[in-house]
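Each structure below appears as structure tokens.
In the two assemblies presented below, chain A is common to both, partnered first by chain B and then by chain C.
Our next item is the complex of A and B:
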């Protein structure tokens, strides 16, 4: 017993060294980047870095006056929200079929859906670019919406499917003996019962959509369709160089709502990120 | 026992007897015979059999358009030399050229190398902090702090590290103050330093992904076995190696597989931080395709690279990934 307690004491010191150390690794760059957002441009790129800058709202003014930040934000919100709605509309029936029906090819179809998640965006980038060019959808928020929906469809389907498998069969059986049809059961029983899964899937899909970079870069070629993510890459205003303080500020504007969403679904996060494989 | 349950396993036939013995068709007939309640709407057997496919059809159609069409298009386009709007038939020329293109092989090697190192580091760090954190009373706080890097837009993270390493010289300055180096290091100047900046950015942002999953797995496993070993006087590294790690194995396999897939598509950091410098040492496959297509406008050539990468992806998906998900059964 004494030995056990001793080894535990040692590991406690080590534990807080490791945990505290990694917390600093996570937090220091973030805090420093936040300080970049609130300092004058002259103090961002200097021969020696400045750790205690003077406070300034330069970046904020630049965003308000020079960059249509409201429009980028609106583009992001419309494209992301639209893509999540498309995903849910397509994924809920698909997940229901995968979770509750026995049919030929179920395994293969399920794996095909999963495997679309493995495709590197770069592989389909060129064809998708030409596809949207032909459709006249280049440079539009609609194109982004369709792309984001496609990227996240596999993830959303698999997460919701995992939650549907947890719903006890008896619930449906009772409804079925009352004469409810399959679609009624899906709408009235399954969807409400796996609502946490649906919300988790929606939040994770939204995060991936907000973060999407390559397609947005290719499809949104002018500021008309810029989202927050790609607008960032374009704060490299010619002779001015990269406008880091504006970049920092924009990334925090996007970070805060994501952080809140993630804290709300914290309990379901591990399950969502593994597409339903690991129950938290 | 609250061992993490693997839902992929649940999709296998071996468990379908429990999950699905009462298939709807059987049920509907059974109900119709009992018949005191209003009879369910009758459907023809053909429609009943087609029903799951109808449910899946919209999602599948969407995915096919976005994967099959581009795949076929890429194969077709890869047979042409495309200069702006001019398509000239070239047969397999693009492929014979690309297979002798040192830049292509370098991009493939870089993707594998940077990805492997990055993935190994993330897995190790995530395992360590997950093991120390999961029983800690402050776990909720740690989890939110550790999550934060993952919640920044990848393009923002790339800029954080671009500024820290190159433009703002912060890392050089900090290392200088510690007396480790002198003067300013040109992080884009050497092959390995440049690769290292990409690795640091990726590890910083994505270790949380693995951490969250590992913590959930550790919290979900049977605590009593560990407790018993502890009472027997086993040291914590022993407990970790001999008990926790084997119990987590299936979770680790799935999580690392998912992360590994994403690492092979690394693009944003390369685009923002290094653009492939120096001399292509940090050019990944994704960046190679982007550069050939959208910088040099060799769309046919880029498509050939896409097709080769697609073939690789399919092979990996069919072998590694399928096996990883099956191992969840254990």
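Our next item is the complex of A and C:
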């Protein structure tokens, strides 16, 4: 009995050690970024190992004084949030139709929508550039919003659809006999019932959008429309060379909003990533 | 309150016939039960009445008005579903309120009506809870309250008790019947459980393979079955159906011999209920296969030839297996069915 308890305590300790070690491995790049971001530039690029790093706000000062970080952040937030709103507004009705209405070619249309994710972005990059040039939308946050929305729309539609398929049909039948029409059913029954899926889809879309680089670089030709992801690249070249500590700090700043978002909806997210998968 | 007429109703899915040429009159305030095995078309029939399925052919008339072209939301019917179908994001109060809101009933009336409906199913104390926090029986009562609250012309109930355990089912059955009598609302109730059908119904409609087999009061269905399907479906345990031959006023099958009328001839099936059999005598000569005491009675299974015959014996009847045993049929309660399964009338 006592032995059993002891071995159980040991296995618990082992579990904490293994999991703690794994957590450290996962967190190391982030902690490393943070440490680089608060060190002097010279120390970051020295070839000799440093055991006790010194503390410096050089990179921080560089960002505040020479760099419109607030504008980049704002661009990122506006473009990403706007794209998610557009995605949800289009994807929720589309997902409902694909999940519930019985029409010819339903599965095909669903597949076509998903297939837009299957080609390499580079293939459409040039046409997209000319399209937006013709529309006079180059170098604008609104253009980024549209691009992000377009990139993620298929994914968002599919995630939400898989949730809607899991909602029992009886619920809709009940609402219909209770006197509700299609839009009321969607608004009052379906959307609340698949809210975890909608949140999951929104967060995944936001993460993809905030990290988007290729199209942002293409569309945003000046700092007016730069987002965090493209602005970062500014530190990698030019007459000043690669400014590692500033890159680290900006990366960290770009990472924080997503971290907060994910912590807030963690419960829904883990359920969301598995739920659609269980049911074929 | 309303009567319902179904006229030559059909539902086909491609080549598959879900419901064929069904005609039925359901009287105002009647409690009608659609009974049959799964896939017999009973739920499809109900869904057509509700407006959730479009009939391929035929007419549906509710309260004198043809409703084929009327959308489900505009038919004044309330439906209770097998899986309760409570809205998971709403409290019980909001669930019961939903049909009132949808039908634009003045908000000032809502509270009183919700509480009245909830009290009727003894759910008044649970109005603030979400459906997830209720037990199966409570959820089903909440679903009933939601159906009752808007005082519809017709109740439709699709196997409402089949997700509940046996004990709860019995008490809910009584509650549903009491409520229906109290509210006097025309009710169509779908089930595959013949006990539910017998206990609840004013009339039972027995369906199989999309077609009506027999319509009648529970007594008629029980004591005067139209064919072997009805005979074998009703009763617990069901009627014994023994295939054999009849000639010269005598029915014979391996180990079985019983009197019949002269006009019963050729290959026929004899039907006899377990309670119309008695231990002793010589209508059946067979071996004891099994004895099942239930407390208030004992069921005896006798093997005669290849056939198993169920007998309701005295409550203290006991026997070892493989003992020879004789059975007597009550000659007043023998049923004969022809080769097509239809009853041969005046035969007993």
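Everything below uses one rule, namely that the second predicted complex is superposed on the first by the 225 of 280 C-alpha atoms of A that agree within 3 Å, B and C clash if a C-alpha of one lies under 4 Å from a C-alpha of the other, contacts with A are read in each partner's own complex, and residues count from 1 in each chain.
FYI, a contact is a pair of C-beta atoms (placed from the backbone, for glycine too) under 8 Å apart; a residue touches a chain by one contact, two chains touch by 3 or more.
Keep in mind the model is a prediction, meaning the values are calculated, not measured.
Undergrad: Under the stated touch criterion, which partner chain does A:171 make contact with: chain B (first), chain C (second), both, or neither?
TA: second
Undergrad: Report for A:181: first if it touches chain B alone, second if chain C alone, otherwise both or neither.
TA: A:181 contacts both chain B and chain C.
Undergrad: Which partner chains sit in contact with A:255 here, chain B, chain C, both or neither? Use first/second/both/neither.
TA: A:255 contacts chain B only, not chain C.
Undergrad: As a test of reading the superposition: which chain, chain B or chain C, is in touch with more residues of chain A?
TA: B
Undergrad: Just to be sure I read the superposition right, which of the two partners does A:107 touch: chain B = first, chain C = second, or both, or neither?
TA: first
Undergrad: In the superposed arrangement, which partner chain does A:193 touch: chain B (first), chain C (second), both, or neither?
TA: In the superposed model, A:193 contacts chain C only, not chain B.
Undergrad: A:161 in the overlay: touching chain B, chain C, both, or neither? Say first, second, both or neither.
TA: In the superposed model, A:161 contacts chain B only, not chain C.
Undergrad: Chain A residues touched by both chain B and chain C?
TA: 173, 176-181
Undergrad: Sort out for me which residues of chain C touch chain A in the complex.
TA: 47, 50-52, 72-75, 77-79, 81-83, 85-90, 98-99, 102-103, 146, 150, 156
Undergrad: Quick one: which bits of chain A touch chain B in the complex? Just the residue numbers, please.
TA: Listed in rising order, the residues of chain A that touch chain B are 1, 3-4, 7-8, 11, 14-15, 18-19, 22-23, 25-27, 29-30, 32-33, 36, 44-49, 89-91, 93-94, 96-98, 100-103, 106-107, 109-131, 147, 149-150, 153-154, 157, 161-162, 165, 169, 173, 176-182, 207, 210-211, 213-214, 217-218, 228-230, 232-233, 242, 244, 247-248, 250-251, 254-255, 258-259, 262-263, 266, 269-271, 273-280.
Undergrad: Quick check: in the complex, which residue numbers of chain A touch chain C?
TA: 168, 170-171, 173-181, 184, 188-189, 192-193, 195
Undergrad: Okay, in this complex, where on chain B does chain A touch?
TA: Of all residues in chain B, those touching chain A are 4-8, 10-13, 16, 19-20, 22-24, 27-28, 31, 34, 37-41, 49, 51-53, 55-56, 58-60, 62-63, 66-67, 69-71, 73-74, 77, 125, 128-129, 132-133, 136, 140, 142-149, 151-156, 159-164, 167-170, 173, 204, 208-209, 212-213, 215-217, 219-220, 230-233, 235-236, 251, 254-255, 258, 261, 264-265, 267-268, 271-272, 285-287, 289-290, 293-294, 299, 302-303, 306, 309-310, 313-314, 316-317, 321-322, 325, 328.
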